[in-house]
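Think of it as A, B, C and D in the order they're written, each chain with its own count starting at 1.
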Amino acid sequence: LAAAVAAGKVRVPTHVVSSICDDRGEEPTYAGVSMSELMEREYGVGDVIALLWFKRHLPKYATKFIEMCVMLCADHGPCVSGAHNTIVTSRAGKDVVSSLVAGLLTIGPRFGGAIDDAARLFKAACDADDSPADFVEGLKRRGVRVSGIGHRIKSKDNRDKRVALLQEYARKFFPSTRYLDYAVAVEAYTLQKAPNLVLNVDGAIAAIFLDLLAASGAFSPAEAEQIVNIGYLNALFVVARSIGLVGHALDQRRLQQPLYRHPWEDVLYTS
Amino acid sequence: LAAAVAAGKVRVPTHVVSSICDDRGEEPTYAGVSMSELMEREYGVGDVIALLWFKRHLPKYATKFIEMCVMLCADHGPCVSGAHNTIVTSRAGKDVVSSLVAGLLTIGPRFGGAIDDAARLFKAACDADDSPADFVEGLKRRGVRVSGIGHRIKSKDNRDKRVALLQEYARKFFPSTRYLDYAVAVEAYTLQKAPNLVLNVDGAIAAIFLDLLAASGAFSPAEAEQIVNIGYLNALFVVARSIGLVGHALDQRRLQQPLYRHPWEDVLYTS
Amino acid sequence: LAAAVAAGKVRVPTHVVSSICDDRGEEPTYAGVSMSELMEREYGVGDVIALLWFKRHLPKYATKFIEMCVMLCADHGPCVSGAHNTIVTSRAGKDVVSSLVAGLLTIGPRFGGAIDDAARLFKAACDADDSPADFVEGLKRRGVRVSGIGHRIKSKDNRDKRVALLQEYARKFFPSTRYLDYAVAVEAYTLQKAPNLVLNVDGAIAAIFLDLLAASGAFSPAEAEQIVNIGYLNALFVVARSIGLVGHALDQRRLQQPLYRHPWEDVLYTS
Amino acid sequence: LAAAVAAGKVRVPTHVVSSICDDRGEEPTYAGVSMSELMEREYGVGDVIALLWFKRHLPKYATKFIEMCVMLCADHGPCVSGAHNTIVTSRAGKDVVSSLVAGLLTIGPRFGGAIDDAARLFKAACDADDSPADFVEGLKRRGVRVSGIGHRIKSKDNRDKRVALLQEYARKFFPSTRYLDYAVAVEAYTLQKAPNLVLNVDGAIAAIFLDLLAASGAFSPAEAEQIVNIGYLNALFVVARSIGLVGHALDQRRLQQPLYRHPWEDVLYTS
């Protein structure tokens, strides 16, 4: 900002600084790319996310991977916290935005929010060349769970199909899968401890995204570091799940469901 | 529900009814389509929206149109209500979800929310074979503005590029553009009244979506009616703009912007 | 605003206009009343609401009534939509603000939001001297329910205690209970139709607030009209219930409840 | 819970556990106190907060102090993040709940959220008998600011009136002001460093609340510890400011303000 002032780009410091989209010209641009260009080059939703979040073009295999994450995380049924809150709000007769928002607000440490933490852990360990055993045992000593590892229902012999699909894609199209390989090595180690300590969707997205940041040639190491620190990756889940939550809000309206009231018998009134 | 009970599908009535996604089997399914199938058939984000919201497959030209809407509405700069609220919240040090949500809550009658109303008006008028003149003058008599018509800045000689791109696409790929043609005829009439009464993005999306509902063969007239009445179309804007709002939240973090305080001098303290 | 510009109070039109609180001087003031004055005069929460929402002093019996509404509506157990959403969000490990907000978003037409509508209906009917029978039957012909009348569980012989307490208070301290009397006459009529068509809390607050607006001498008829039209009264419920929702968010943390997942068996997966 | 199951209070474990309000009987109760009792005993809003959050009766001086906090924090003008977001949302034509919520979501580390942190710091230091100098310099070495100390505008010779009012009240009515005295001693030390390092409102509320927890006789040391750890005190600010935010939402409606758009000239479009 100081530089911009010095360069005469601004006279008085402005109150707002922004960098992702410019709406002042003939056409809005996303990181400098006009709407017409978006259409001509046959860009997709993944490219738009790349332009608005990372402010750069990413190779096709990378934007396809982003779209894959959006598609695979778009919904996971009506029972999870997010969908449940959206359903309750929609049944209270509230608008789609309010219903969506009530669901989004549940996303966090326990629901949908382990991707950034997994990325931070895998990056630090893999960059430091820690062995999977040292990595897992080190966390254990500090009383920290390995984000990206573990599942309530899935296990060694009953893998999460979404993880398999993501892995397959990365191995086929990515120039390097160093972080993914590391995550799989961690999984091999944790599976010796318990059969449900599989690499979960959050972990798979985290590891493959690290490979995208490291090997696509589009990011400097400092930029990759910054993205992982700020936490861009859970945001993928947030945007993805918005699609499903809106779907649930509209579904309840279509089904004309009445006001939800939790049954008294299912509550323990305690002190 | 009663039928389901009768059919023995449920014994006691359940407290929640849901129809878009089933998470009970090996893989979650969206309207019956498994994750593996999504990948094998090279489905995109548009197909996922079709499956989760409309619970059916739509032809490629239709899902591409849905993606085009998402892409063109993903952001419109930092000055609009939604982005502004997200920026203020992010600068208050709040997480990405809270920041996104504060922006989403501004979407409504005056910001981003004219698509459903435009669809309702265009559908009723076009189905009733009202002439554009009768349609516009009829609304005027009732003191109602034509949703989907009018723009602050754009005008006859300075069209909104996004509207042009959407129209072009529909004329090239859609089997019928009856509703779009009607909307353009309405525009021709309103442009005689004032040069800024152009067909705007909301109006273009509304009209083309009506063509999708009517001519894709995927919806019965009753289903099309229901979708327009319930109001699915603004939800496209909501999901699209989520991408931009998340972008703004992350942008402010990256730029390490401090707490926003509106300047005293810009406020009229009145009574 | 134009007048203010003309009067030289502002030179260029400001972008924000505000009237409830001035934070520019030594002490902030609420509608002109300083913090010190608030304390010296032994004002209460009801007076602060009067100053910030209605921008005037109200007599003691009126601000006590406002506090009574806040107290009686502060919570209604963990099963209602609002508390349920807050509980689910808190159990997802989210902060108190996010948990509160997820609950607040359920307040609307079906939960907590009938006070303004009841006030509009009672005011119009009572001002027009409609008989209770004409009023009720007129609404019935238009297919509209009488807001403020009816209860799921309470009935003629099992009245809602909160309604009784509010009525008692108004009869003891209010200079006039014309609107309350009218609401009770309406109840007498509807109770002939069905035993559960009692005056409910929303209806009682609405009627007594109309008496406050009409008979306190603090509002002109035009001001009373405006308050009822804009809809200030549901906001009383919103602020009141914030107390209870925050209580539920904190309660779940204290009880260290895990992530909520709605049971599969309680969901009908339909199409 | 396990105990409750064992005691036969529940047969199958229920899915929800709740402790603040029971709505199953004739009248709802707050921590066992019925609505009628609330009225008969002339309880106020402060008592309701005590019952629903702390689940116990507190002495009059304590509940009056809670009400004082609510009153003094109810609003602080239209320029702060929270009010600004609410104003923008209300001007977008959205309902009171959405507008309130958009404002509440800005409350956090930089706006309104320093009370709990201040309480944690003051409690730990005072309980350990750290001298103010050791306390302040210790934090400095760790690069941590003293929460509850410092103000943008106020200073040694221009104190915040609200802090003075709170102090005066505590000294007059509280059985002990040990923590407040400690906070004031800290202030005396920091004021030697810079004139704006005064005890701010957040700090004053934090210190006095610690006195309430320690000396009212209503809390065991373990309970006081738990309340400070979980973070109940910012919630006081949240409930208080709800009153002001609702006031701003209604104010904008009354003033019929149009859609807010931030001025282009005030934005630095950067990269």
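Assume a contact is a pair of C-beta atoms (placed from the backbone, for glycine too) under 8 Å apart; a residue touches a chain by one contact, two chains touch by 3 or more.
What you see is a predicted model; the values in this text were computed from it and never measured.
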Between chain pairs A-B and A-D, which one is joined by a greater number of C-beta pairs in contact?
A-B
As a test of understanding: of all chains, whose mean C-alpha position lies farthest from that of chain C?
A
Can you give the whole-Å distance between the Cα centres of chain A and chain B?
23
State, to the nearest whole Å, the distance from the C-alpha centre of chain A to the C-alpha centre of chain D.
33
At least two other chains touched by the same residue of chain B: list those residues.
15-19, 22, 24, 78-80, 84, 97-98, 101, 105, 107-108, 255, 260, 262-264, 267, 270
Testing understanding: with touching defined as stated, what is the shape of the graph linking the protein chains, line, ring, star, complete or other?
complete
Help me check something: in the complex, which residues belonging to chain C touch chain B?
1, 4, 9-10, 13-19, 22, 24, 55, 97-98, 101, 262, 264-271
Complex contact set, residues of chain C against chain D
15-24, 26-28, 30, 34-36, 38-39, 43-45, 48-49, 52-53, 67-68, 70-72, 74-80, 83-84, 87, 95-98, 100-101, 104-105, 107-108, 158, 161-162, 165, 169, 226, 230-232, 234-235, 238-239, 242-244, 246-251, 253-255, 257, 260, 263
Can you list the residues on chain A that touch chain C in the complex?
78-81, 84-85, 88-89, 91-94, 98-99, 101-102, 105-111, 255, 258-264, 267, 270
